[in-house]
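Single-structure report; data block below.
Chain naming follows the written order as A, B, C, D and E, and within any one chain the residues start at number 1.
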């Protein structure tokens, strides 16, 4: 997080609306994908030049322009100028430290959210910011990097599966959000598995490493929460908005996504509860182990210290120690030692230390 | 939970409204039960084919169709088509990871909730999703498995007990919800008993096992909370809804269920408080036991280490040690040792360690 | 609590409105007390038969019927029929596991709350459910057992003390609620005394017993909270209700009770804060005592182990150990031992262990 | 607190509006101070008899009657009768366990709050209840004891400093509230100093005493919270009230006091955070010290126990122990002992225990 | 904080509106900077006398008067008189212990907030209060000290960069707030770095020092919270206010700052979560180290105490101890000792202590 904040500082003090890309540059060159469709027709191509698609702004077909890579601010600026986006919106698109939000700007609706993916190698959750602008008959989406969770939506568009080709751009935006929220469940499942594994380990073999992993899990959930809570507000906001851009038929679908986000939040909160419970267990298991160590020490010491003392008595060099002369003095002392040991063992058994 | 999320993933990316059963298949074949009644007449049968009951959609009698088993999606689809249910509703019925909710869809009201049961063998709470659709004169309920808490409602219908036969389908839905909420009290009672047993054990014989059981209890309560909190919203929502499907005479009853759900929530929250209090007690009792162990060790060591030292002194082999030659040197040393021991014992008594 | 829940289960599945007494039967036979008054007249008698008082339903005087004992459901049913109470209300009266609440039913207002008393013998808070129905010119109250906190109200009625005889049934209901809320202060005072005693003990003589009592106190406060929080809602609800049954002149008095309930809640919450603070103190005092034990052990061991080692050296049987032959070898060793001890003592003093 | 509750019990069961003084009697005799002013005139005297000032109720000048001491209930009753105060208000004035609140009674506004002072001798916060009644052109204030924070207001009145003489009674009430809220900052400063001193001690010299003082601080903050939170509501309530008694010009001043109360609350909450942080530190520092003790013990024991064992070996009396006969056996054993000690020291250094 | 409160006390009891500077005097003499601009013209100068700029109050150009240093209350008073500011506003400007807030006073809007900076030398966050008054065509800002985060705004004004010269005084105020909020990100980044460093140290080398730094971090976050939470309210309040002073075109920009403040709050809250997680880790790592110490002690003691006992046995001086006479008695005993040691080591390995 500190890293992103540092990036953000680049901009501190610049006039608002200045277009500076805040975030890691994750891509060599910007890639522009263009899809145009209605119920009958479908057209998909990759553009070299953003201007190629400007003509489609006014056609009645739905146009979806997807831009991967944010470092070429001039492209973003061109898009902004052509589609009449407010400079602050462009700034938000470029600033990849945004909090998820939706803004209703009458002419269009602007949405920012985080697409999460789980990196199996580093076992960490990765976040990529996705911004969308919904217009009267176009959707423009901006991503930081190539690769997304929208492939199945493209398939449905290509093959006219489901109702997506019959619906407007608001339904497309819904589909994109839905795909992102669905991807959260993948993350949650991974985290759920991690929690289960950790619990297993916690009970059978707790170690410093376990503690460290609980800590990492906790931080990941803190991070996830930051993405997830605003999401609810976002989806709820779009659904309740009285924008003409959202048709009534789509509202039902948005309510469905809204339910999903609540489910995500519920799960994250339950996970947090579980993880903090795990810390308690870890701490008590440490105490328990310390207790076990102490008991061993105490048993050994409590048995042998008195015995050693008895041996010490008869190791003294006094001239007049009658017992030393006895025929069975040695045997007697050994018997006494056995008796003392037995008494101790009975005592420990009574105390349930054995 | 992780398991259910995994199932849910099957669907990620499919177009919304695609009917896929998410959840465990708990049943061999789907069972359809059909009940039709008004104040005078009553009819109950098991259907082989869902279409047999389609004619009853328009009759003025109340029709209750109960479907056990969700894996045959074509049956659900047929029902959906005939009773004009929105595809997203059908999707929700099939997805058994739903959060309890009620949706007012003008033509009908859709309700999802969890029916809980306590498995005495595994000592775990089991959850089964129940969905209901309330229409103008029909109720359709969907369950994952045969066996439910509605048997007494069926009895009342058969024998015209109470006012149920005189009331409409909204009262039937109320009765179903009421039966489910009542079943929560059974669960709460079981958990309450577990808490009491655990407390008993906690005071008289705490062990690692106790800690583990506190942890399990805690998780069960986390799970229960997830079912119970949305329930309140659900019932409150139906009660306050201005749907024509809910008659005024039924509202009073719904308010009654609402009170029950609040009571359930109250109890769950109190239990959570109690369980987290138990963890504190467990931790202090571990500390206390450690303290007791330490005291034994310290008493033994503190008494015998000085004695052993004295014995060690007179075990030295110096040529010129006058005491060794004394007639009563040995006796004197023994007396000194007794005195040292007494001083120690007095000290421990003063410290209240004995 | 588990016990009450168990009782509640008796009813699970019965049609709503079925009259079953849920709770302990605390009384041999039901006792019906009848009071009728206006500014001029006063009449009080004990009834054998509930029907004797039915005639007073329509008289302009205020009638107060108090029923002790809930197990004879037929009496409750008769009352319900005559005073036209909704079956669910009767059910709530009989179910003694109710959450405190007030319901405005146009024709009458129904109120349930808990009357608490402190049992000095068992040192536990005892709860008894009191239900009241406020009608146009009557009040019916239901209690589980003989004995209540209303005796002073009866006195005021008999002797026309205060304004109670001049006011209507709403003022009577206010007086009853006020008496119950006043009784909460008695409980709070007892708990406050317990807290003070426990704190005393905690500082001067903490033990396992103390921990156990903190735990009991905590549970009692959890229970108290469950009675007290809904009370606020209840009183606030009546005060704000626009029912014609509550005259404007009484509202001021209800606001007064409302303030009292908030004071009760405040006190309960402060007590909770204090009790959880006590647990922290208990835990630190355990740690402190462990620390003290450890220090004693360490001081003893650290002083004597090196001394014993020195003695051990000169207890070895090597043939050639020059020191053993020295004239003042023994004395020298003793002096060395004293010096070592002094060094240790200085070290401990520097560490502030002595 | 328990003490006050006990006092409160005196009243339980009496008819509402009965005037009983609840609280400690802090004063010999009641003192009545009378101030009457407008922009031109000013008059101040001490009254022997409350009736002397009754004539001023209708004069257009502002009359401020201050009554110190609440045990003579007849005076309060006379005031109540003359100024037409509701009996419940008189009851609230006499009951010194009130929660701060403001009540708008159309004819007048009734305000209760706590005036706090810090007793340097007992190092405790002391509370005194102040009630005020604001009428059309009079203010009556009631205090438990002589001595208050209003002296500067009297000075301003006498010397016509600031705008106070030009404004109405609402401004006077504002000034009184403002003086009380200002006095809270004195308390907060004292507590802030205590916190700083405690932190100093916590880091350099923690002891049981420190823990005890943290606990006292915590309780004082719990108590302070109870006075401070309702204050905000109180001031906010007066400011927003649409009473004709509050002129628009005074509202701005009330908003200012409101800001101050929020600042007080903020500070109290921050202090609570800090104090609970101190407890954590205390606990870790105890653990740390225990750790240090353990290390000393372990170092001493781990070095000397093996050495003593070696000495023990050569203290055995076997007939055939070749080493004992060696010429340099003794020297060799000493060298071995030094080597063992060195190894141990290196090990401890590696473990960072030295 | 205690220090500031102490300063505040200077004023307790003075009539409201009395101008007293509360806070540290940070500056030798007051510095007044004057900037006047519209789209075409720009004028900037430093004033010796505040009256020089009074003429600009009515000109249509935007006038920005910045005053560094608050100890010369007469200057503030003059400004107040000329620009018709309410005395309480002037009081708030001078009292540097204000909680951030915005007040809509019809004629102007008054804003107080804290400008934070990170002092690299003392590693502490420093706070300076900035007050602003927005009038119809002027902005007056008050700072405690020379040096601020507004330099880039002045640059933009001088060079007519961005739209700032084309917009009114509301946009200037927005720019000032934006610059201050941006400066918070600098602080957050520093704190984020500190957290990361501390975590590193916590895992690899925890010490008392680490605990102390966690504590300092925690307090800094408590302080930051106090500045940050009211900020949100402040910005939200200005945005939603219906004041004519805020033009519609500026509202979009204010919404942008609002988003930033929420991001700041989010980050602060996440940091708090992290820091409290660090304390848990610290405590467990102390426990872990104690555990390690205990294990070493136990292993050493458990191995050598029995061995020493065996040696003690054969150090006894009994006349008749057959083993002492044996030819290989010594060797046998040594072998027995080795065996005992091996058994112990195997036991420890099984317990996973080695």
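To be clear about the criterion, contacts are C-beta pairs under 8 Å (C-beta built on N, C-alpha and C of every residue); 3 or more make two chains touch, one makes a residue touch a chain.
Values in this document were obtained by computation on a predicted structure and should not be read as measured data.
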| item | value |
| --- | --- |
| Set of chains whose contacts include both subunit E and subunit D | none |
| When subunit A is superposed on subunit E by its C-alpha atoms, the rotation angle in degrees, nearest 5 | 70 |
| Distance from subunit E to subunit B - Cα centre to Cα centre, in angstrom | 42 |
| Intercentroid distance (Cα basis), subunit C paired with subunit B, Å | 26 |
| Residues of subunit D whose C-beta touches two or more other chains | 283, 287, 290, 294, 297, 301, 305, 308, 312, 315-317, 321 |
| Running round the ring (origin subunit A, first step to subunit B), the chains in order | A, B, C, D, E |
| Residues of subunit E that touch subunit D when the two form their complex | 1-2, 5-6, 8-9, 11-18, 86, 88, 91-92, 97-99, 101, 103, 208, 211-212, 215, 218-219, 222-223, 226, 279, 282-283, 286-287, 289-290, 292-294, 296-297, 300-301, 304-305, 307-308, 311-312, 314-317, 321, 323-330, 333 |
| Interfacial residue positions of subunit A with respect to subunit B in the complex | 149, 151-153, 156, 161-164, 175, 178-179, 182-183, 185-186, 188-189, 192-193, 195-196, 203, 252-253, 255-256, 259, 262-263, 266-267, 270, 273-274, 277, 280-281, 283-285, 287-288, 290-291, 294-295, 297-298, 301-302, 305-306, 308-309, 312-313, 315-321, 351, 353 |
